[in-house]
Each structure stands twice: as structure tokens, then as C-alpha cells.
Amino acid sequence: MIEALNIGLALLVLALGAWTVVARDTFAATAGFLAYGLLLTLVWVQLHGVDVALTEAAIGGGLTGALLIRAAAKLRKTETAARAERPGAPTRLVAALASAAVTVALALAVLALPDPAPTLAPEAMANIAATGVGNPITAVLLAYRSMDTLLEAIVLLFALIGVWSLAPDRVWGGRPGPLNRVDPNGILAYFARVLPPIGIIVGIYIFWIGADLPGGKFQGATIIAAMWLLTIMAGLTDVPPVSRTWLRVLLVLGPAVFIAVGAAGALWAGAFLGYPDGFAKPLIIVIEAALMPSLALVLALLLTGAPERAAA
Amino acid sequence: MSAVLDVFTFAAVTAGAFFYLAGTVGLLRFPDSLTRLHALTKADNLGLALVVLGLLPRVDSVLAGLKLVAIWLLVLLAGAAASQLIAQTVIRRRPEP
Amino acid sequence: MPEFLLAACMFVLAMVALGLVRIVRGPNVAERLMAAQLLGTGGIGALLLLGAATGDASLVDVSLTLALLAAFASVAFAKAAAASTPDRADPGSGE
Amino acid sequence: MMDSAILFGLCASALVGLGVYGLIVNPQPLRKILAFNVVGSGVFLLCGAIARRGAALGLGGDPVPQALLITGIVVAFSATALAVAVLLRLFDETGSATLTADAPEAPTSEAGAK
């Protein structure tokens, strides 16, 4: 029966992916993408990647969907003009053939995967006791491959700098996004008062259990970012001007602590990002706790976009 | 005892699945936006509520049970808020009577 | 019992998948939002049933995350829909 | 009986193909970004299928690719956000959101200031 579920899921995901690509209306395509992200979460569960499922649930559907729908609403007026530029049948045919070739090549590669499959799971489990964490994925992210995680946190910062630098001169360093005027007694304001306290607790919980169970800082930070964005959408709070010092300090705090711990590792453990014996778990917790607010802030600010209003 | 609980789970989950069916049929067959919204909220509130109710006897800790109830409350709250916002867009686009 | 829960999971998924026809047919933004919301609720229900069927307790945490982020996304979509269609017909539909 | 890793691996290949098609034929940049996300999720799913095949020692999959996938999903989000920001700035500057040089002028550029 589980095969039937998997086949049904695969077909549904394909149907929604196709809809996202071919729908005429961008709004409809984005709604399809939201549903697509949700179904991918179920697919990840079926692939036994619960950590990835959590990330997909948080980022793939939720944040990316909200980001794209805002842009779609803004660009709605250009829809008709853009539709006229749709390429003719010959181009579409060539494109279809090219993508079919890509699919066939990938499918052949999938069918030709080596057996038995190569895996690093035994190596990951062999040394996990030394890291002090119980979730092998957290061990990979913060011990075996912590360089990747550090670089990722820095990439996110660079992306944010890129977004901010798209602001026009007159609002340089100002507040991102439009001012949200919402009925303070309306349902949205009520919702944005009730949900965030629960969401923040859940976010911290998901972060905390990440040491031993599926969860972790990315997923927790995304939930907290979404809660903050909700209060912004409801007009309860406003995005701070991006030139505020406290904001920038908070943004670089996580990566800075990460680098500091890494440098300390070079001194005491013999390698950059190495942990001295017996200190792995506390240091991992220090890094994660410092990264989490920075990640939540950077994710939320990436979504709000370039400054649109002067700082005053 | 466990047989009684199994029957309870069976009944509640089946009833929940029925409300999902009702919600989908309503969403597809009802004539206009507001009646479709009405059908949708049945799946939101009752479908998930009965599924959660049916799964409650099967949890192995109080925390897991609390999480199940929290999920249902969150969906209830979100469903109410989103439905109101959707209804506002529907009403706004309707011609004045 | 696991077989029953798995069957219920598949039934719920099949139902919300049928509801997705509304994403395709529209005709309005509202219907598309409704279909996405139904999928959210159904997806959470299916995930809970799947978790109970396989005995994987961590799926409850995935459902919890999904419930929060789906709520956030629904509100963002409804707000964007309200902002982009002030008192005029949806140009992408046959209304 | 079909292995779930193979099944979803094939599904992922088809998703990549679909996304590439959308990337080529959709004239709107926002639709290209959407299609690019479909390609991205297809690639992630492909890696996930490979990770699933590496299941061992009671783990449901090889944890190393799974951890890197989490990193990948977050980075894909940041790239999408940057692309959307560039597109919105283009729209604010020119009043249209197309990539062709002699694009037909959109009626107004007021939407950005709303």
C-alpha cells in the first residue's frame, strides 16, 4: 500500500510542477507552487529525510511562496504585455525536446546508480559520540561539515547586502517594503497578536530538539522569521530601517561567533573549526544559539526586500 | 481496553475523512465563492479535528498529545483568519446590489 | 490498525488532490486560495495519519511547522490577493 | 515492487525537465524564477533519492547529503529573494518587467509606488 501512496504522491507533485510551469496566470501558478512545496514535504518524509521535510515545509512552501506572491501581486499589471512575448510553436517544440533530453539523461543516471549505494552513514555514526549530539544531520552541519554551514550563513548575508544595494538613492538605508495600514481591530491584527507567541515557542522548541531529533536552527529560525513577518503584515510592527546599527550587529553576530569559535579551534584543537575534546557539544550549542537570531533576521529581511521608504 | 480505543480511533478518523470528502465535494460543486468557502471550513475544522481526536489515544506522551491539540488549534485559528480575508476579497469584487 | 491509518492518509490526500482542480479551474483568486488552504489542512491531516501509521513521532513536529508556515502563507496570499485586485475583475479568468 | 528512491528519482528527473522547459518558454522573469525553483527542487529531490539509497545502520538515509540539502534549500531561498529584488527594481525603473530590449511600454509605472 505504501507503494500506491508513493506513486500517487509522485504523480501529484508532477502535476503541480507542470501547472506551475504552464499556468497562464502568475498568481495561479504561485498558488500551485505553494501546494507543490507542501506535497514535497510529504515526499521528503517518504524519502526518510524528516530534517529536509521540516526545511521544505518551512522554506520551500511558506517563505518562498510568500516572497513570490508579493512580487506577482506587484507585477500584475505587466502580465498582459509579457504574455504577448510568448515564443512561437517552433521555439516551444525545441524547448520541449531539450527538456525531454535532460529528463531522459537524468532518468538514465537514476537507473544506473551503483549498487550497493555508496554511503557515509557508517562514518557519520562511528564518530557521532565525539560530537555529543544525537541527530546525525546536526552532527554533519556543525561538526563534520561545519565549513559549509559557516559559508552558508555568510552567503545569506551577501544575498541580503545584494538586495539592500538595489535600493534607490533617495531611500538608501531606509525601511523595506510598503507601510502596512491594517484595521487594528480586524481579523488580521487579531491573528498577528495570537499566533506569534505560540510560533516563537514552537520555533525555539524545533531549534532545541535539533540536537537529538529532526529539527534545528534553520527550521526554527524560519518559523520565528515568519512570525515576525506576520506582525509586520498586520501593521503591528514596522521593519526597522536597514541602516540601524543594532540590526546590523544582530545580523553578523551569528557568523562572527561561528568564526570566533572556528579560530579558537585553530589555536586549541589544531584545526580551523575543530573542537577541543569534550567541548564539542557546548561549542555547538553556542554557535547554534548565536546563529539562530541572525538567521531569523536575515531570512525575514530577505523576504521584505530592498528599502522602499526613507529612514525618517 | 485497547480494542475500545481502536474502535474509537477507527470511528473518529473515518468521520474526519468524511468531512474532508464533504469539503472537497463542496469546493468543487457549490455554485459561488462564498458557499465554497463555507464547504472548505468544514474540512478545516471538523475533518482535522476528528482526525486529531482519533489519533489522541495512540500518542505515547502527554507532550505529543499537547502538540496534536496545538496543531488543531493553530489550523482552526489560521483557517478562520484566512477565510475572513478570502471572503473580503470576494465581497470586494462583487458588484453593488 | 497501521493499514487503516495509511488508507485514511491516502483517502485524505486523494480528496485534497481532487480539490486542487479548483487551482486549475479558478475562476477567481479566492478559489485558488481555498484549494491551497484545503491542501494545507489535508496535508497536515495526512502527515499526522502517516506518522501514526509508521510510528514516527517526529512527523508531529513536521505537522506543527507546516501548520504555522501554512497559516503564514495563507495570510500572505490573501493579503496579496486583496492588494492586487481592487474592485476589478481578474484578467486571467473567464469571469 | 518499485523502490521508493528510484520512483522519486525518476519523478525528480521529470521535474528538472519541466522546470527547464518553463525556464525557456516563459517570457516573464517572475515565471522564470518560479521555473528555476522547480528545477532546484527537482535537483534536491534527486539528491534526496540518492541519499535514501545510502540508508544504513538504522538511519533512513545518508545524513551527509541530507544535511547539505538543508543548506541548499536555504541558499536557494536567498538566491530567489535576490532575483525577485532585482526584478522589482527593474520594474520600478522601467515600468515593465521584461527582459527584451525593445519591450512594449507598460501603461503606467504607478503600481510600484502604491
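Letters A, B, C and D mark the chains in the order given here, with residues in each chain numbered from 1 onward.
Definition applied: contacts are C-beta pairs under 8 Å (C-beta built on N, C-alpha and C of every residue); 3 or more make two chains touch, one makes a residue touch a chain.
Worth saying up front: this structure is predicted, and the values here are computed from it rather than measured.
Looking at A-D alongside A-C, one finds more C-beta pairs in contact between the chains of A-D. Using mean Cα coordinates as chain centres, the one most removed from chain B is D. Averaging C-alpha coordinates per chain places the centre of chain A 20 Å away from that of chain C.
Rounded to whole angstrom, the centroid-to-centroid distance between chain B and chain C, based on C-alpha atoms, equals 11 Å. Each of the following residues of chain B touches two or more other chains: 70, 74, 77-78, 81, 85. Touching two or more other chains at once are residues 114 of chain D. Multi-chain contact residues of chain A (touching two or more other chains): 2, 30, 50, 63, 72, 74, 76, 79, 188, 191, 195, 198, 202.
Pairwise chain contacts present here: A-B, A-C, A-D, B-C [touch as defined]. Considering their complex, residues 1-2, 4-5, 8-9, 12, 15-16, 19, 23-25, 27-28, 30-32, 34-35, 38-39, 41-42, 45, 50, 53-54, 57-58, 61-63, 65-66, 69-70, 72-74, 76, 79-80, 188, 191, 195, 198-199, 202, 206, 209, 213-215, 219, 222-223, 226-227, 229-230, 233 of chain A touch chain C. Chain B contributes residues 70, 74, 77-78, 80-81, 84-85 to its touches with chain A in the complex.
Against chain D, the residues of chain A that register as touching in their complex are 2-3, 6-7, 10, 13-14, 17-18, 20-22, 26, 29-30, 33, 36-37, 40, 43-44, 46-52, 55-56, 59-60, 63-64, 67-68, 71-72, 74-79, 81-87, 91-92, 95-96, 98-100, 102-104, 106-107, 109-111, 113, 117-122, 124-125, 136-137, 139-141, 144-145, 148-149, 152, 155-156, 159-160, 162-163, 166, 168, 178, 216, 218, 299, 302-303, 305-306. Partner chain B is touched in their complex by these residues of chain C: 1, 4-5, 8, 11-12, 15-16, 18-19, 21-22, 28-31, 33-35, 37-38, 40-42, 44-45, 48-49, 52, 57, 60-61, 63-64, 67-68, 70-71, 74-75, 78-79, 81-82, 85-90.
Note for the complex: chain D touches chain A at residues 1-2, 4-22, 24-28, 30-31, 33-35, 37-38, 41-42, 44-46, 48-57, 59-64, 66-71, 73-75, 77-82, 84-89, 91-92, 96-98, 100, 103-104, 106-108, 111-112, 114.
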